[in-house]
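Pasting the structures in now, so scroll down.
In what follows, subunit A forms one complex with subunit B and a second complex with subunit C.
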Partner chain A sequence: MAEPAPAYTVASDSEATLEEKSSSHLPEIAIGIDIGTSQCSVAVWNGSEVELIRNTRNQKLMRSYVTFKDEIPAGGVSNQLAHEYEMLSGAAVFNIKRLVGRVDTDPVVHASKSLPFLVQTLNIGVRPFIAALVKNMWRSTTPEEVLAIFLIELRTMAELKLKRPVRTVVLTIPVAFSRFQLTRIERACAMAGLQVLRLMPEPTAVALLYAQQQQQNVHENMGSGSEKIAVIFNMGAGFCDVAVSATAGGVSQIKALAGTALGGEDILLNTMRHLLPDMDSHFSTRGMEEITRMGLLRVATQDAIHKLSSLSNVQIDVDLGNGRKICKVLDREEFEEVNREIFEKCESLIRQCLHDAKVDTGDISDVILVGGCSNIPKLQKIVKGVCKKDPYTGINPLEAAVRGAALEGAVASGVNDPFGSLDLLTIQATPLSIGVRADGNSFIPIIHQNTTVPVRRDMIFTTVHDNQAEAMIIVYEGDDKVVEKNHLLGYFKITGIPPAPKGVPEINVCLDIDAANVLRVFAGVIMPGAQNPAAPVMEVRMPTVDDGHGWCAEALNRSYGSTLDLVTVQKKGAR
Partner chain B sequence: MWAASLSTHQQFLNPNPFKNDQNFNFKNPIWWRKQNSVSARCCLKKTEESKNHYELLGVSVDASAQEIKNAYRKLQKKYHPDIAGEKGHESTLMLNKAYKVLVREDLRREYDKSIGRVRVGIQSNTFRSKWREPLRPQALFVDENACVGCWKCVHYAGNTFTMDETCGSARVKTQYGDDDTKIEISVESCPVNCIHWVDSKELAVLEYLIQPQPNVGYGIYGQGWERPTNVFMAAKSFNKHLEQQEESKQRQGKSKDEEETPAQAEAREHAYKELQTGGFARIWSWMKRSTGQ
Partner chain C sequence: MSVRAEVAQLAVAPAPDRRSLYEVLRVRKNASQVEIKTAYRTLAKLHHPDARARFMDSSIAASAAAEEDGGRDFIEIHNAYATLSDPDARAQYDLKLTVGSPRRWDSVGVSGYRSPGRGRFHQTRRWETDQCW
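This part shows the complex of A and B:
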């Protein structure tokens, strides 16, 4: 990451106190932040346990939105909503986690077009245009800016409570985030003057909290010290994640991860469309009145879904004005049928994760359900059905991720606890494979999915043309055989390959991921029999792509065709 | 050569000698991101090549999967970058690699073959000697058939040898339990020259075979305990037998392997490739040399 150039500064005497801090050799304890699609929270290790930080209104969980209605934008931490509809007036931008780091061809971006603020797409693979409605004018913003404003509020809140500057954070992220999206989160943090210590997939943060609980049980002689397999299912407003972890002795080892951009928001949109089938055409003009109506429908539907968690049917009455009225009794079966595809996807995600972890349902010790959607009876039923176990009850489903992040913040900051409560470790795994384009248009993984990090792997490639002097290394992340269906991370050229028949030069590509999840790509050329590389070895930190590089691979292909291609080498040693 | 292996061992055991006074710096991402260079990342390659996976995890070649898991977790808690700072990166890479191979039964079997070790499949018992130090290429072995029970070796090197009163013969309890001079004297002192220096790889089989086995008798005749008269010959044929078993096991395993998804097979193949570090490490060893590490 480039040097953080804070575009926003927090008025505090943080500069002076920070110097004091570093000279006293005391590690600064990183705080844990969970920015959810709909709610966010901050937690910190207070010396004996993890504590959630409350804002001035005594809230632990705050709404994730930023409103642009005043001169200075304000987020859900400091701002008090007069009423729910204010958030839906068009002046507030929310659900930003679903939009960050996505291009305008992404279906998730398109699904966000029914939100009250403006999401404009050109469908050419560039970042979407996002704007808030202020005094009947669309004021443009970016997802990073919205996140940064929000992070500054969270940071100020934490600094006020902790009476010290806050510089380092552990953030939770969805499993489904690409590495490019992670750089956007880091950018937002840099804008807010925060240094990211770790980015933790949400279910792995929950797994760490679980590891601590198990460790405490062992200390109190309540549980056995043997290895426990836990399945963690996390579904919030924007994302759905699954992790399988093996826990023993305070060490949480992630065996497999799976995730997708499906969440409560999709359930809500589906249900809204079910109640008002012509919703999209209805709201396409996006005038003040339409936005108000959409807000009415949204609040009513949200309310109904919440009620369906405990009731078997619910009465919906909304007056959309303009003569449109919705009066309907929605029962639970109907609701489940409307969202059948989403629930099926959740089920297959859990099954896939169990399969990847090579875990049988009989081996599962605990099933942990967290996130805002964990109250939905259908989801509870699915999880129970797949794992053949009742959900674990020792964890608060809305606070688990942020608590785990705070634990990791303390552990990775080097804090020790005399009572052994921080005698913990999380061993992470890669959610997606990482590799390069070779053998024509194939994706050749070098680091496979669910590989324990830190990891370093290399692979040898060779040229496809006689006297090929250059080769293009195009790095992708994903699990699709077809290279374009994966996320492009970056590309660079290896030059100075000595003239030789095709297949002779050895091009060694090495990928290295450290514990902070930083990916480095090394590439060098060696001629057979030679001791030294033919040209200087390259080291490139990935991802290097920026917004709008979705079409870069296409442009490269147009310019170079197959002239700079690579193929894998069949090693004699490998059978 | 032993000294070299010991020093690299210590180097590994102590990846972060400055931990106490520079703790904050190592944890500071800005600091280490600036400091990081290829040379720093590849300088430990030597250690990686000179230690085998079992030595790295500090487990015996016969260790159970559970023992391996426990050892891995314990070491990770010491060397993971979350705890040891950036210095832990190389150590953790090695640990992850070793663990990945040893925890998968098929990969472990192939690895055992590649380093020339045979797992006998017996857990520790009184006939097994223990290694307190890292494995050395040679080990002490008492041919108990020849031993006359003179107590001399126990007298000179009591931490290494022990006397089994029921069998009336001496036995190695701890490999290199005393210093080298004492051990040499005790080996020299044996009146029947029954203390042998053997290849460490063969030790497990020899120690297994020297155990008296109950004889199947008929009525009161022919019962009792018996050992092979020439334990070294027996070990040879035993090894041969094991190899055959191994082969047939693999042939049986084939059908199972075919059920693997292509991705799994590929991953396995890849891991196997990694074992042949030689060719793949050329670039990195060049870097090491050119940067003077």
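This part shows the complex of A and C:
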């Protein structure tokens, strides 16, 4: 590992001893951090309840951006924006959660190209080039760097308030994140000197908060204590997530998860394009003038969307210079029509999640609507329409995820509460299936979507050629039958398969996910009748791939073709 | 039979210590669905690696931590619950119990191996290799 840059090393000797002293009595309570596409917040269990930490300007929710205009980059935690337009000057990098761990062929990256900072794509499956405008120069950065700068600010803020070093965190993440994206988040945390205790899908954090509230109701004899099915719909600026949980006795069991990279940002871009159909060509040159005008349009559109949550129509006036002006009344029906596809996708996501959880609408106890988009009337209508229930009102939609993360932080840190407020547990499930490539070019799931974790599952495969001495284990995550459409997690070779006709050696592939969501793949060969494996068993922690997944898979195919293939073994009684 | 069913059957295969699923969940053979759910939650709170963190200093921890199994108990409990909470799977299992099922595929495979370094849950994430590059 390379020596970290000075800016990222914060741990000194004196701090280390302080930490040791405190940890000998009490475990360090992990803080909860929610880095949203648009806003972020920090919360911690203060000994009796969850408390949101405020910055020096007394804000609980801070804008997620980093500005590079000075020598030292500054984020939205410490920095004070003179005006909204400053964020749109090209010097600030934001919406980073949408870009982290994505390659330049990804449609989400392409959608980010109309942002004021530079997102350059070459469409070859590598990470996009991202840069901020500093003194009329494009200064390059990476999503991990931006996240790390931001995390350092959040951490400093928390340390100042808590008067102790902060080392461990529970971070909320979108359901749609791949395991590769999770490693990017962990890398950013490591750069900021933070150890990840848990990466928690946002709606599951909300589910935990709900479980705590239900538990309190039972204690106060207000609730029945029976099992409650909750549907959590979370839509922020960048992502839309759904979870179905079954809650009783403080245990929140996640029955199903569904998510996609669709959020307020997409609604905003659609609406901007509706107001200015030739927007992309208009801003293609990306000079100072264009960036300023794009900022004007963005702010005006954002403002209009907010107003449409309470008004039925809104007047939009934007002067784009060169005699171009937008003067228009946008009404709610038109806005909903413009974003119809997004709303339809949200609806199908909820239906899919209910289906996967095997829950009928009649079984639903509560519907919880959270996230920055939760006050859009159309979304409220959709959720109510699908679930046949009015939304739950006991949870602050903007603070729910971070509060849940702080609860999980306290629970997973081993904190006890004398009043039983932390007598809680989240039983997580896998949002995506994990499996291997076999039977030609098929994806064979071993751990299926929505399986409870921790989990260990195995399957037996065999060779496709006579005397095949080696076999390739290629691990993917996803739910598409076509293997390439899933996320490649890694690959390795099993060697030393004893000479035998095809179909004879048993190649056992075992996937293990522990409570901290670490995935391990074990693989070994056993010859029929033997008690022990023919060669040492492999244990591989995944993901092992770095950038350029698509390239890896193509190169593997080109170099090895079907020589190292596997097929599934159909056991007796099957079929 | 689908791949999913295959995996499900493997999960149902008797545990090495030959306890019945009812014994794993500590319920009677005629337990109701509500009793099974309650038993599952109660046991999850004791044996889930997250919940176990809380008992680290107590006597329960001594026995739980000594097992150093990285959540094996919980997986066993969950597998028992998955079968017994599904009426069809439970009926099938009950039938197998009475008939006496032959040993399915013997788990001499990798599932039997115990991975090293899988101690208490919070040690399973290693700072250097898990989080760095």
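The criterion applied here is as follows: the second predicted complex is superposed on the first by the 551 of 575 C-alpha atoms of A that agree within 3 Å, B and C clash if a C-alpha of one lies under 4 Å from a C-alpha of the other, contacts with A are read in each partner's own complex, and residues count from 1 in each chain.
One rule holds for everything that comes next: a residue touches a chain if its C-beta (ideal position, glycine included) is under 8 Å from a C-beta of that chain, and two chains touch if they have at least 3 such contacts.
A quick note: this is a predicted structure, and the numbers were derived from the prediction, not measured.
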Next item on the list: Could you tell me whether subunit B and subunit C fit or clash when both sit on subunit A in the superposition?
Entry: clash
Next item on the list: Could you say whether A:Ala190 touches subunit B, subunit C, both of them, or neither, answering first, second, both or neither?
Entry: second
Checklist line | Which superposed partner A:Thr568 touches (first subunit B, second subunit C, both, neither) | finding: second
Notebook entry, point to check: Counting only touches as set out at the top, which of subunit B and subunit C does A:Ile229 meet: first, second, both, neither?
Noted result: neither
Item checked: Which superposed partner A:Ile33 touches (first subunit B, second subunit C, both, neither) -> neither
Margin query: So in the superposed three-chain picture, is A:Gln531 touching just subunit B, just subunit C, both, or none of them (first/second/both/neither)?
Written below: both
Item checked: Contacts of A:Ala300 with subunit B and subunit C, given as first, second, both or neither -> neither
Checklist line | Partner chain(s) touched by A:Asp512 [first = subunit B, second = subunit C, both, neither] | finding: both
Check: Given the superposition on chain A, at which of 4-12, 148-156, 220-228 or 274-282 does subunit B overlap subunit C?
Finding: 274-282
Notebook entry, point to check: Residue overlap on subunit A between the subunit B contact set and the subunit C contact set?
Noted result: 27, 195-197, 227, 248-251, 411-414, 423, 425-427, 445, 448, 452, 454-458, 460, 508, 510, 512, 514-516, 518, 522, 524, 526, 531-533, 537, 539, 571, 573-575
Item checked: Interfacial residue positions of subunit A with respect to subunit B in the complex -> 22, 25-27, 168, 195-198, 227, 248-251, 253, 408, 411-414, 423, 425-427, 445, 448, 452-458, 460, 508, 510, 512, 514-516, 518, 522, 524, 526, 531-533, 537, 539, 571, 573-575
Next item on the list: Report the residues of subunit A in contact with subunit C in the complex, numbered from low to high.
Entry: 1, 27, 186-187, 189-190, 195-197, 227, 248-251, 411-416, 422-423, 425-427, 444-446, 448, 452, 454-460, 506, 508-510, 512, 514-516, 518, 520, 522-524, 526, 531-533, 537, 539, 541, 568, 571, 573-575
Checklist line | subunit A-touching residues of subunit B, taken from the complex the two chains share | finding: 21, 23-24, 27, 29-30, 33, 38, 41, 66, 69-70, 73-74, 76-77, 80-83, 85-86, 88-89, 92-93, 96, 99-100, 263, 266-267, 269-270, 272-274, 276, 279-280, 282-284, 286-287, 290
Margin query: Quick check: in the complex, which residue numbers of subunit C touch subunit A?
Written below: 1, 3-7, 10-11, 37-38, 41-42, 44-45, 48-51, 53-54, 56, 70-72, 74-75, 78, 82, 105, 108-111, 113, 115, 118, 121-122, 124-125, 127-133
